[in-house]
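One chain, subunit A, appears in both complexes that follow, with subunit B as partner in the first and subunit C in the second.
And now, the complex of A and B:
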């Protein structure tokens, strides 16, 4: 919540009706209240409950009731190599997937911005991966695509001397990231394409008249124009991809070993396999704090960029 | 237009209130209280594991037969994979949310849950007053594994040990003979000769992380190599020489002669591979014989069976049974028992036989099935070896040296749920080659060392 407040400069000064009585002010607020209460009920109360559980020793697989154990859960979180490992993997997966998806997205968007026969068909095909349900995509990749015995990829690579590579065992992290990229490239492409199409054609024509080649035009005009779109794509992509779960759960189940266990999956395992409610709650609280820190910096940075563009 | 017209705002408020009301309705909908204890009516919600004998037989038969027999009872199924089933049931039973009034559990859960007071004592509550059920007919090791203080807390739907499946044609072509009671050294020799990379794997073994997945198979190897999870003082023994030797053996075997991508494979994946003729040998649950016979008739004709391979012990097969229990304090418990007793009865076997043939009958629960000439005839190839495997599995003395715990392919303590998964993940990593066996076992040892002996022994 605090993050969002930072973003928007306080418009209260203008909005606040002057000279209204307290009663009238409440009348104005009243219609908002149900929504506000609803938001609090579904977001803040669960968070407080999580906070409370994070100080408890509470295991589902023992009959003992929850009992206060101070900071023990937090100590475990900070000393656990499993938590650190999953944190690092979350960062690696998100950064690599977002950057590669963005590079491909810009590339495809530039190509799609040209007029050619069947452009709309090609565009629809290019968008499709983003429309496929994440769970379905993960299953298709894990089975028909990457299976060591029956997989399409090994079949296609056979002429090049690749035989029965167990992609999900030997290149697990890479395979999961590949699917994330496959799914998110169309999203990046769409955003960048919107940017490209909003570019005024007169500047491009002027550049042509001035004798700028296509690369110079892209570097000097198109790319600066696209910058806010790219940044928006990176921001939205990161927010979604840091939470990726379907691909991890369905393709590798976090393995082999813990090779693809990211933070969401680690949390899931703490509840679902270790039944450690206190530990999972503490992990969740630490994750939220880290997310808020990162998000604050990211949003500040982007907010500055947008204001600069508008000015 | 800073403020929308009043009418719109009012509409929005009404909408929110409606949403809140719906939320409240949802949250209060779950607890409808106890209905009458008339055992001939009610709803039975069953949490089951998704495997062929259940999804292919139990669920359709419940609709087509059970609900016809008891028109007042409605049966609903929630189907999960093994790992998810455990999580769902544990949550449900320990928090007394009672979303399921019948749960499918095994010998790991039944005594632990019973000790915690989470399960209904079936012997006292129902079997004593239901002479037609004939609990004395249950195979003794299976019944014992599901009992706590002499009373049954779950009754078996099917039972299994582990054994070796092999392709007789391939063995013949290579001039090899599989003994009835092979050693692991012999199996390794066969695997080396039969392995044809890209075509047929020498041996198919489980690698998927999970105590019921890769660890189940590995534990039987560890036991017969003389290893154990804990010594008599509950000190973890994962880095002891026999445990290391056994793990190295298993991991090397599957890496050298096993199926590619083994770290993602468990029962269902291996059944498919074996059924398509991609494995010369396959070490897994005895119940696979039933699935091979019904699903892959061509491979079934070529399949031979041998006891679980050994090294230092006489027998090494595991013991497991998917069984049905009734959580404590659920509604419609009378109807729940009607369903449980139906699905685990002799009459159920007759139903399956009439519809799917005798070889498809859930194996490993009742002595009478193995004495039935029709079953002996139809399942001639695997009936006696299944019974022999189950009867020679001894969860109370699973290892070469004495141990303080019960369980062949698990340790019957609550902590094992998490510990077994952690170690299973490490072993899967070793099978995939992302770490060495020594690193994996070191990590396992330190995971096991975080518990004190007092915690582990439940004292």
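And now, the complex of A and C:
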């Protein structure tokens, strides 16, 4: 049986008097310190350095040292259509992929919640796309699956009047999103399925006895019960999908043109093709600020999803 | 007496309809499952083809299978798989070494403001590492960590640590209070409490935590591609190297993709149950 964890305070083994001694407090803190210091050093220092370089002109392929250039990098970020475009594409890719994956995830979870012959086999088949290495998924889709001349998809769609479509040039963004959805639907399904299976069966029985149809039952009972699970899936899915890089780099290389260039790929290009550390840093700072705005809401959602009571 | 409708007594026609309905749902589920699995199956099938049979129209479903592509993969994957194994294993061990005491200090004997600590860790997962990639490159360059396996170990540890702390914490909260109290009465110190009471109870949880960390580290491409070239190139980069500029390659690519994916697929299949808990960071049990 699965339940959402209650993030209530952990059981206090000893009740502490008001004045906890200094020594005791350090004893409590000590085990946390290595992980805390490590995380601060490795995850926060690069962002401080990013802030520093965002005010510098620095190209790593030239011997010239970094030099202060004020807000020039930021001016470029805010005036360049490339940044705006990649930001919009990042949002579109994430939102579409997360929503479609969640809808499919709910549908498949409902299917898998029923008893039928070979259910565990089907479940195993269904979760496999999520386990495939993303780089492998991207390359296999780009090649054996979507190849205009030899691809399996064109072959399967032939009866529907599809003939040798070059998916990656004509429907590049859609193709990348398709692979994202293919990989993340199983994740959503697993989370929703856990929610469905944690539903107390007696309330469902009671609804049946009361003469509620399957749709009314789903709307009135199942869906409210599933809500925290769905929110959790959307939240975690977004955290990972907004950073999608493998599919973009390996399927379309950001193209054709900039049709599939999202923020991670844009930053990758700034560092690897334009050698522009300063520009990449400024782009990064703006990205982080936007992320913090979104993350503030996300963290609140997290707290609610984990049934986190503000004490 | 009130008659309670019992399923055994329902009319045969109705029963038949209900059963065929069930069969219908089952068939639909199978169709969906196979459709989702199809690209993986196609990858494995293509991997056994000779190169000339992989690029045909219509696609070939009957062919004489060959291991030639796999032989080619195994002759070239040496350094890549070694780097991947080192980066994955060492970072996972580090995550557990840092994560167990960290989770302990946030659950069993919680520090003051343990909530802030918990949310600090998760907030680092939301900061996109891609935003700092330029400076990370410069830092790695100046510390001589560029193209060394250590840069990946350090970053993968930081990448998985928040998830591990949340997850291990959720397992530690399940350790029965009585056991902790008994240990305390015995005069066990913190170290003995962790080693003799908590670790034995949560060891299955630690295994599933490690599995999740292994999956994410093994599959990681962005950092590896930006910060390594040859001395620390990992399996995802091996895949990229299996796509040549010209010539036939679909079968070879499929074999490389199969070899790179199979370890994680098998691990995930075996650990399906703990997968859900791990991916939800302990929220779903």
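A few points about this structure:
The criterion applied here is as follows: the second predicted complex is superposed on the first by the 278 of 311 C-alpha atoms of A that agree within 3 Å, B and C clash if a C-alpha of one lies under 4 Å from a C-alpha of the other, contacts with A are read in each partner's own complex, and residues count from 1 in each chain.
To be clear about the criterion, a residue touches a chain if its C-beta (ideal position, glycine included) is under 8 Å from a C-beta of that chain, and two chains touch if they have at least 3 such contacts.
Since we're looking at a predicted model, the values are computed, not measured.
In the superposed model, A:106 makes contact with neither subunit B nor subunit C.
Residue contacts after overlaying the shared chain place A:35 against subunit B and subunit C alike.
In the superposition on chain A, A:207 makes contact with neither subunit B nor subunit C.
Once chain A of one complex is fitted onto chain A of the other, the partner contacts of A:97 are absent, as it touches neither subunit B nor subunit C. Number of subunit A residues touched is higher for C, counting subunit B against subunit C.
Once the two complexes are laid over each other on the shared chain, residue contacts for A:172 go to subunit B alone; subunit C is not touched.
Of the two partner chains placed by superposition, A:241 touches none, neither subunit B nor subunit C. Of the two partner chains placed around the shared chain by superposition, subunit C is the only one that A:185 touches, whereas subunit B remains out of contact.
In the superposition on chain A, contact is made by A:149 with both subunit B and subunit C.
Of the two partner chains placed by the overlay, only subunit C lies in contact with A:267; subunit B stays clear of it. Comparing the two complexes, residues 28, 30-31, 34-35, 38, 60, 147, 149, 271-272, 276 of subunit A contact subunit B in one case and subunit C in the other. Against subunit A, the residues of subunit B that register as touching in their complex are 2-3, 9-10, 12-13, 16-17, 19-20, 23, 83-84, 87, 90-91, 94-95, 112, 116-118, 197-198, 207-209, 259-264, 273, 278, 414, 417-418, 421, 425-426, 428-435, 440. Across the complex, subunit C is touched by residues 1-5, 9-13, 25, 27-32, 34-36, 38-39, 42-47, 49-50, 52-53, 58, 60, 108, 111-112, 114-119, 121-137, 139-141, 143-145, 147, 149-152, 155, 182, 185-187, 190-191, 193-195, 229, 232, 236, 239, 242-243, 245-246, 249-250, 263-264, 267-268, 270-272, 276-278, 280-281, 283-285, 287-288, 291-292, 294-295, 298-299, 302-303, 305-306, 308 of subunit A. On the subunit A side of its complex with subunit B, the touching residues are 15, 28, 30-31, 33-35, 37-38, 41, 59-63, 147-149, 163-170, 172, 252-259, 269, 271-276.
Of all residues in subunit C, only 22-23, 25-26, 28-30, 32-34, 36-40, 42-43, 46, 54-59, 98-99, 101-102, 104-112, 114-115, 117, 119-139, 141, 154-155, 157-158, 161-162, 165, 170, 173, 177, 180-181, 184, 190, 215, 218-219, 221-222, 225-226, 235-236, 239-240, 243, 249-250, 253-254, 256-258, 260-261, 264-265, 267-269, 272, 275-276, 279-285 touch subunit A in the complex they form.
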